[in-house]
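The data blocks that follow each hold one structure.
Each of the next two complexes has subunit A plus one more chain, namely subunit B in the first and subunit C in the second.
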Partner chain A sequence: MRELYEFAVGPMAWAAFGVFLIGSVIRLISMYSLARKKDGPFLSYMSWRFGLRSILNWLIPFNAQGWKENPLVCVTTFVFHLGLILVPLFLLGHVVLWDQYWGFSYPTLPEQAADIFTIAVIVACLVFAWRRATNRTLRFVTTGQDWLVLLIAFLPFLTGFLASQHVGPPLVMTTLHVLSGELMLMAIPFTRLSHMIFGLFSRAYMGSEFGGVRHAKDW
Partner chain B sequence: MGIEQRRIDDAGLARGMAALTPEKIAKTFQALIAGECGARLRTYVETCMRCGMCGPACHYFLSHDGDPSYAPVGKVSETMWKLLKADGKVDPRVIGDCAQIAYTECNLCRRCMHYCPLGIDTAYIISVVRRLCHKLGVTPMYIQDTAHSHSATLNQMWVKDDEWTDSLQWQEDEARSEFPDLRIPLEMEGADFMYSVIAPEPKFRTQLIYQAAAIFHTAGCNWTMPGTPGWDNSNMAMFSGDAEIMGRVERYHFETAQRLRVKRIVMGECGHAFRAVYDVGNRWLGWKMHPVPVVHSIEFFWELLDQGKIRMASKYPGPVTIHDPCNVIRGRGLMDKLREVVNHICDGVVEMSPNREHNLCCCAGGGVINCGPPFKNVRIVGNKAKADQLKATGVQTCIAPCHNCHGGLEDIIHHYKLGMKLKFLGDIIYEHMEKPGAV
Partner chain C sequence: MRRVNVVAAALLLAGLVWALPALSQEDMKTVPNAAFGTPQRSAAVFQHDLHNEKAKLDDCGACHHGDDGGKPDPASPTPGQPCAECHPVDAKGKTPLMRAFHRQCVGCHHDSGKGPLTCGECHT
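Presenting the complex of A and B:
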């Protein structure tokens, strides 16, 4: 087990960050060059002002019409993404690792806040799963990949929470946590999780069209 | 639930499907994706999280009690995703189903843009499906007929060249009994603007040309209409997926305005025509924005009233409600000017909810009404939501500055027995303006 752990925090971590970073950059560059080649006229409407205006307006809960009419999705989505960004980056246990391996550190989340965010993400995943299983529209359009990416996002938080609460053998739980986190990183460029890379651009494009050409808001 | 339970017989779809083979479908689909589609489609398909938030955006979805096959994501799932998953290797029947969904169950109104956090353009995806169906020759008979008409005559309704000028002179004659010195100036080079209309105006709503001429005459406008093809600003080829004919029609339209050396094009109260001229045709032709300034009637009437060129003798007895046509509101942001005009010419406004950019569609636009009688009930039953919205205002008159919206709203007003009157801005301005030159 020890070897597996060493592997997970050693070569595997390099591989995971490598796949995530290089994969994301390659996907972004290839998508951009495809856009230049095939969607050139549309690319020309891209505008910083209207793109950012659209992104900002969609980042305000209950601001866009879609959020207003889907209150449960709105709350769940914001809580989920907030936790998804804050906990991995600012958890004390993670920052300690940066310090240990690379010798730098930065402010961390209070333990209690981290616990709350972790639980919130776990609950949000359960809400997403419940919707996916019961909502008529979702049942009509859901594919295997939708369940897979939900599971991929869920596992690091579940195992991390269990490890932090000392449930199960600590080494096994921690190893599972590290591996599931690495799985998620590697999945981002190549699954639907790539909306993390492309989402801002598709939003900004819509904002640019609506702002610059249609003179109407897109939220 | 699902298109299989609601297939409708249409001669055009049946004929198209009969001529297809799976090989031809796959080849055409693969060529379309490789040749015409790029990063937009790929991003949309890949990043859609299947969250279902877009469901309540769609009037079809709302009118069918949340039937998921009418949700924007449901329609995309049943068409483009299905085709992509199979790499186009599907039976002709699937193409027939795709055509019925894409042409008759989506108005391309883009209301769902306000519901998708990722900014996925469902209307674009459905347009690509239509493009495929067009390339495969599986198009509803009626809309295909209008595309043929565009191809042969450059107008939507087979209006012949002499019938066009004849209709204008007829309306000029009629109007001169009210305004003795009124002219409908034809081919007047260097006029301030070219007035362009959709072909249904000379064909069967000729009084609208009379009204417009009366308003321009009273306002002392320096205007003209073309005496040649290129006068029709409508464009059903845009909706049938025939981008080549769409581009030809728009090129003629712009070049007609340029030949007449007018300062701008003023368009009648039509939405889809505005979309074609304002931001679709120009892109196909390689212009970032339209090469000749384009003004919709709402904005032009606003100018005439604002500058005092038209004065109202009385107000239309209200209250009225305002229908926001997608192509000039979501498409051009004229919601404030529309309200200022209506408030100026009518006695009180009761707003619908939701309104402005979030207005519910008329369910006729996007070429749906042009798919003709076989699909009439699709758009009437599919727009109960709008009927409920109209009814909730409790008013007797609805103002809709768009021809397609008139067609769609008339049908639901009749079917759901709403007993409402439907008006263009021009109807009211003509009726209630001061007419100093009239006898």
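Presenting the complex of A and C:
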């Protein structure tokens, strides 16, 4: 177990960050050249104003029509993404590692807030799974990858929470946590999780089309 | 009267024997964390003498190093001097207290292939 842990925080960590960063850059470049080839003229319609307007409007809870129609999805989605971004970046346990290995640190979430966000993400994953399993329309469009991606996002939070609450042997739980986090990092460029890289661009693209071409709102 | 005195003396003695271990300095079981003000974690488990016996650390300077013109100096040990005296909690451009502990403790456990590595093994 000790060897596996050392491997996970050593070579594997380099590999995971490398795959994530390089993979993301490659995906961005290839997506851009694809857009130029297929939809070249439209790129000139890309507008900061309409793009940002759309992004901003989608960032306000219950503002977009889709959010209004489905309050549960709206709340779950916002809470889920907030936790998904805040907890990994601002958790004390993570910043302590930056400090130990790289010698820098920055402000962190209070431990209780981090616990609450973590539980919220775990619950949100369960809500998503429950909807996928029970909602007929959603079940129809759900693929195996949707389940896989949900599991990949769920595991680091579950194992991290258990490790932080000292459930099970710390070394085993922490190893599982690190490995599942690395799995998620590496999955981002190559699965549906890539909306983390593309999300803002595709929103801006939609916003520009609706704002500049159709003269309509896209939220 | 005499018997009462004997009983009183015996009681006093028993009381002393009971209180003595508490009066004498207790062995260190955790690394003191008072310097951090409001610690976020439980104090790290560390039975000083037992630890160093098990880890075969006779050289106090392995941990209690001295200061050689801004460099850590294991050759002039400073046992008993709190790390915080040379490593303040906020030490810009130098090794702050938390990093000093983590690098020293986890660093050696990593290098020697023995001893705890993850948060929950030290901050129980």
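Definition applied: the second predicted complex is superposed on the first by the 219 of 219 C-alpha atoms of A that agree within 3 Å, B and C clash if a C-alpha of one lies under 4 Å from a C-alpha of the other, contacts with A are read in each partner's own complex, and residues count from 1 in each chain.
Just so it is clear, a contact is a pair of C-beta atoms (placed from the backbone, for glycine too) under 8 Å apart; a residue touches a chain by one contact, two chains touch by 3 or more.
These numbers were taken from a predicted model, which means no experiment stands behind them.
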{"item": "Partners on subunit A (subunit B, subunit C) - clash or fit", "value": "fit"}
{"item": "Contacts of A:V96 with subunit B and subunit C, given as first, second, both or neither", "value": "second"}
{"item": "Which superposed partner A:E6 touches (first subunit B, second subunit C, both, neither)", "value": "second"}
{"item": "Broader residue contact with subunit A after superposition on the shared chain, subunit B or subunit C", "value": "B"}
{"item": "Partner chain(s) touched by A:G144 [first = subunit B, second = subunit C, both, neither]", "value": "neither"}
{"item": "Touched partner set for A:R136, first subunit B, second subunit C, both or neither", "value": "first"}
{"item": "Apex subunit A: angle to the C-alpha centres of subunit B and subunit C, given in degrees as a multiple of 10", "value": "170"}
{"item": "Which of subunit B and subunit C A:P107 touches, first, second, both or neither", "value": "neither"}
{"item": "Where subunit B and subunit C come nearest after superposition, their Cα distance in Å", "value": "36"}
{"item": "Subunit A positions touched by subunit B in one structure and by subunit C in the second", "value": "none"}
{"item": "Of all residues in subunit B, those that touch subunit A in their complex", "value": "1, 36-40, 42-44, 46-57, 66-69, 71, 73-74, 77, 113-121, 279, 283, 286, 288-289, 329-333, 335, 354, 357-358"}
{"item": "Subunit C - residues contacting subunit A, complex", "value": "40, 98-99, 102-103, 106, 110, 113, 116-121, 124"}
{"item": "Residue ranges of subunit A in contact with subunit C within the complex", "value": "2, 5-6, 92-93, 96, 99-100, 103, 111, 163-164, 166, 170-171, 173-174"}
{"item": "Subunit A - residues contacting subunit B, complex", "value": "31-32, 34-35, 37-39, 41-42, 44-45, 54, 58, 64-67, 69-70, 73, 77, 131-132, 135-143, 146, 192, 194-195, 198-199, 201-207, 210, 213-219"}
